[in-house]
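Two complexes are shown next, each including chain A; its partner changes from chain B in the first to chain C in the second.
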Partner chain A sequence: MTRVEHLRNLALLGACAVALAILPHALTVYLRSFVLFTMMYVVLALSWNIISGFTGYTSFGHVAFYGIGAYACAILVADYRWHWLPTLGVGAVLAAVVGVGIGYPVLRLKGPYFAIAMLGAAEGTRVVATVWDGLTHGGLGISLPSAETSLETYDAMLVLMLLTIVVAYGVGHSRFGVRLNAIREDEVAAEALGINATLYKLAAFVLSAVFPAVAGGIQAYKVLYIDPPSVFFVQITIAMALMSMLGGKGTVIGPIVGAMLLYTAQELTWVNFPTAHLIAYGLFIVLVARFMPRGLMGFAIDRGWVRKGMIH
Partner chain B sequence: MERSDVRSLYLLAAFLVCAYAMPFLVGAWAGTVRLDERWLGNLATVVVGGVMQGGVYAMFALGLTLIFGVMRIINAAHGEMVMMGAYLTWVAFFYLGVDPLLSIVLTLPIAFVFGVVVQKLLLDAAVGAPELTGLLITFGLGLAMIYTAELIFTTDFRTIPYAPGTVQLTSAIAVGQNRVISFVLAVAISTAVYLFLKLSRLGKAVRATALNAEVAMVCGIDVRRIYLITTGLAAALAVAGGALVSIQFGFNPETGVLYTLQAFAIIVLGGRGHYVGALIGGLMLAVLENLVSLMVPNGTAMVELAAYGLMISVLLIRPGGLMGVKEG
Partner chain C sequence: MRSTRGSSSSGSDSNQRETSTHGGLGMKTAAILAFAGALAALFVLGVGTGWAGHRPNNEVLVGGAISQTGQYAEPAGRQVYSIKLWVDEVNARGGLLGHTIVLRLLDDKSDIQTSIKLYEKLITEDKVDLLLAPYSSGITEAVANVNERYKMPFLAYGASSTPIWEKGRRYIFNIVAVAEDYQKGAVHLARQIGVTKAAIIGQDSLFPRQAGKGAKDWCKKLGIDVVLEENYPTKQTDFTALLQKIKAADAEAVFSNSYFADSAAQLRQMRELNLNFKLYSSTIGPSLPNFPEQLGATAEYVLGFSQWEPLPKVLGHPGMQEYIERYEKRFGEKPNYHAGGAYGALQVTEAALKKVGSFDNEKLRDALATMEVQTIYGRYKVDARGMNSHEGLTFQVLRGQRRVVWPEKWAETRAELPTPEWSKR
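And now, the complex of A and B:
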């Protein structure tokens, strides 16, 4: 991409940022939290996309990091009386450490084996959070003291989203991103070219673990109650994967669009069909994966609307 | 076998010894292990019960390993198919008055057709695609199945009272009659499927396709048809597993998820597409689970943790599993 195009994209992002920063003052409480959660899913989908879209390692357990971040925030705020903002940093560091701990051994696995191992790791983390009740209050969950003004969490999520977009865009257009793509296309060939695949995969994995942790922390402070089944919910991982796939895996704009579309659709069906919406959601997952595995971006590329062979 | 392969097998064996020693150590530390006669009787009962349970696990895991072996697709809806089997049996029992074991004869054809339809409409598109496609398709299918079941049957736990008596094996070891019946039936069905795969012409075609689909096609095997049969058979095994589970344990629409993860752990332990491996893996997992629930405090959650721990460790030590070849 040319310099002009980068600047144009940056200007576009800036305009969105300003609009989103002003927006909450004009919204009802419900709509404000709707926008907040949409932004959260943009963060989740984009970070999942770094390891699974750019690097080609399908993580089926990314919710683990989200849950770790949520628990870091909830424990420190509820039991240790911290201010909630620094707990986000603790969550991020914790997720990075756990990310290295899980990623280093598990990233040696490929394809379906990696996916299964990650699924097991995430479920295992959930069980640990349930069993370790001295720290996590076990299955009872944690209630946070309510001091929240919904603007604080909104602004935090907005900043996080902008940061995630900038990082994902930066990664996508850097040599780092190109090397990740090389690993995705052919790991052996990439190593033969002198790319330290182990190190790059691990870096991508940790990077994609940090943002969900912060998002989890903000979400915990927003909702004010968490328990293991709700923050280690498999369907959050599925949502990350599905949103990326719907928009277009391996691109930057794809997961953003996918997250916005899917979260809106989810909310609308949930409001209108309270009983059957999960059935519809299941069928929707099936249809997207069956008929649009390359997503909207693939569709746009086939029509010649966007240039091929670029990360958008 | 290569040397590194043999070494990884030794490593795995050493790990498994540690894994099985673990509940005893934790139990000794927590004081749940008492070396009197009654406790030893309990231990023996639990191990025998685990073996019985493992036979049923192995049977539905066989279905998962079939799909994984032939098409490289991870069927994330496998547990939901087990759950479907349990509900079909329940409906047949309470509304039609059919004996749960007899109802297998009715439900198996339904399951086979269900599998064929799923393959035709959904999974054919996922063969050869990145693993995410198959995972998402089957996961979405599983979700739709769970919530359809919730809509029809609610989230209440159901049980089927069947053969409530116990069988006294020795003076100390007693096993529920329903468990013995399930085990015998599971072994019979697994053996039948195994013989079908080993001996019949069609079964050989299935194995050939698993080995190398392209070469199989060149040899004149209709690979698409083999895929249909594979998924049909896998669904039938899952539903039969559901019938046998339903007479032993309570179930609700969400119990399927656990069975999916157990089946994952079993095929990882046994080796992808390895049928005898699935059997051994099933027995090993069930015995370990029962040991953990006997001795480790906070048993039910720890049982899950043991299954995931076993799965990940085996993946890391020897991705090909106990019987499998080295692959990564």
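And now, the complex of A and C:
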């Protein structure tokens, strides 16, 4: 793609940003929360996609970083009286450090072994949050001081989402991204070509850990009460994976579209069919898996709606 | 699905443009259109399901979000039964202050985030006239921030953790006995049989830890030495090491703040290891309907706690008999204490509304804070924090039956303690 096209995409993103920045003032608090959580899932799916879509290492434990961010925010705000914004930075740094700690050994594993190891890592983090009573209040959870936060948290999530999109887009269109794709397609061949696979994988992993941590922090300040089962909830990881796969993993647009569609579909089914929403949701996933195994983007590419080979 | 189509067709349009301009714009446009489509769909939906401020046909909108799926679906489902029963009864006798109740009961999927969002929806979008409470201490703790912000009171029937009421909140009240009192009866009974050393164990989450704190305080008050105190992770099923530790610490009684799986595992392993204690008490497990059947002889002599039991002759609260009959007729089972608590809370709310004479939230709040009401669940009168002084009861599993043994005024029989050795059970 040429520079002009990048600039045009950036301009489009900017227009979106302006629209989304004005939007909340016209919305009820509920719809504001809905858009906020939709944006949160865009962030989560896009981040997951960096390690699992671009690099091909399917992570089943990304909720660990989300939980770390949530706890960093809750502890610093509730126990140390910090303003909530700087706590997001602390969460991001912490997630990066933990990301290196987990990633360095675990990224040596491949395929299902990596997926299982990540599942274990996330469970481990949850147990640490439960047992480390002095810091996290264990199973009691942490209640944050009550405040009307819907506009602040909305704006923060919007900024985070834009940042994540720009970074994911940047990765997808850079040599870095091409090298990640090379690792996904054939790691041995990529190394033979001189790519330092370990370093690249670790970088992708850390990058994909940072944004969920910030998202977790924002959601903690939005919800104002967290405990280990609710922020280390395995279903959040599953949602990240499902959303990316629905949209088309390994692309930049895919996870964005997937997150918006799946979250909206979920909301519509349970508002309209309160007792049957799980069935409707499950059916939706089955239909997608059956008819669009490569996600919406793969579906579109196969039918020539999107230029072949253009996966970003 | 409309957005799907939107994204696909726009993808095709821009694809044609792209071929002439070598552009990579299609997907971006698609994404924007999809987002716009999703939002538009939501607006339409919001308008479609939203209720006007003034309701037609003399109706009043009563709403809440309670777990109908997920981990809390079982206990919360009993409360849904009571809510439905109450709504139909009120409508049959002419409605709430003359208005027919329209019930809007949403499902929070046992998830805090969803619950927050749904209460925001009920308050700001559906504009309900009266709020109902959610289920579980964790969810109630989170929701309490939302209704507080909009100054809409509700009477909680699914939360018993004191910290919720210790943050100076004005719009949340409680009807059930607090977690700290779940072991009160068991500690008293332990004292009666001369226990001097006890162990307090429990699952590591909000409610069991509060119960453990209460047990410790009661032990202190009654002069029982707590020789061991330990919380175990939520899904632990192997307690052999912990049980050995309790024995080594020389404890005579075990106060276990546990649910079904953990208390069942503790008892079975105590039996396998032949560890004998004078008394074993669990907060939740023994009060669940199938506990005595599933554990058989192992459940014998175990003490448990209940907020309420469908025993009109024992408890003697007004209207109990009729409520139990109507409930059983409609749902084919006797109400348990979750159901009873929800129904009692609704009775209080109805009485408060009658006293106020309108759906004025501020006045309703004041009424809930000050009034005293007798319900099928017992007496309602809250303290300055908004907590009721509801008294629960302690029972013992005796020959497969739960028999109330404490407090003495409700005791059906004398507690058979100390527990005989395993070989004699």
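Note that in this section the second predicted complex is superposed on the first by the 297 of 312 C-alpha atoms of A that agree within 3 Å, B and C clash if a C-alpha of one lies under 4 Å from a C-alpha of the other, contacts with A are read in each partner's own complex, and residues count from 1 in each chain.
Assume contacts are C-beta pairs under 8 Å (C-beta built on N, C-alpha and C of every residue); 3 or more make two chains touch, one makes a residue touch a chain.
Note that this is a predicted model, so its numbers are computed, not measured.
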Practice task
With the two complexes superposed on chain A, say which partner A:A289 touches: chain B (first), chain C (second), both, or neither.
Solution key: first
Practice task
Applying the touch criterion given at the start, work out whether A:A241 contacts chain B, chain C, both or neither, answering first, second, both or neither.
Solution key: first
Exercise for the section: Check whether A:L278 is in contact with chain B, with chain C, with both or with neither, and answer first, second, both or neither. Expected result: both
Handout entry: Which superposed partner A:M161 touches (first chain B, second chain C, both, neither)
Key = neither
Exercise for the section: Please indicate which partner A:G124 is in contact with in the superposed arrangement: first for chain B, second for chain C, both, or neither. Expected result: first
Practice task
Examine A:Y113 and indicate which partner it touches, taking first as chain B and second as chain C; both and neither are also allowed.
Solution key: first
Exercise for the section: Identify which of chain B and chain C touches the larger number of residues of chain A. Expected result: C
Problem - Contacts of A:S52 with chain B and chain C, given as first, second, both or neither - result: first
Exercise for the section: Quick one: classify A:V29 as touching chain B (first), chain C (second), both or neither. Expected result: second
Exercise for the section: Touching chain B in one complex and chain C in the other: list those residues of chain A. Expected result: 127, 130-131, 275, 278
Problem - Residues of chain B touching chain A in the complex - result: 68, 72, 74, 121-122, 125-126, 129-133, 135-137, 139-148, 151, 257, 261, 264-265, 268, 298, 301-302, 304-305, 308-309, 311-312, 315-316, 319, 328
Exercise for the section: Give every residue of chain A touching chain B within the complex, in rising order. Expected result: 52, 56, 58, 60, 105-106, 108-113, 115-117, 119-121, 123-124, 127-128, 130-131, 234-235, 238, 241-242, 245, 249, 275-276, 278-279, 281-291, 293
Exercise for the section: Can you check the complex and tell me which residues of chain C touch chain A? Expected result: 3-4, 7-8, 11-12, 15, 18-19, 22-32, 34-35, 38-39, 41-42, 45-46, 49, 68-69, 105-107, 109, 111-113, 116-117, 120-121, 123-125, 138, 141-142, 145, 148-149, 163, 167, 169, 203-206, 208-209, 231, 233-234
Problem - Touching residues on chain A, where the partner in the complex is chain C - result: 1-2, 5, 8-9, 12-13, 15-16, 23, 28-31, 33-35, 37-38, 127, 130-131, 138-141, 143, 146, 148, 150, 219, 222-227, 229-230, 233, 251-253, 256-257, 260-261, 264, 267-268, 270-272, 274-275, 277-278, 296-297, 300, 304-307, 310, 312
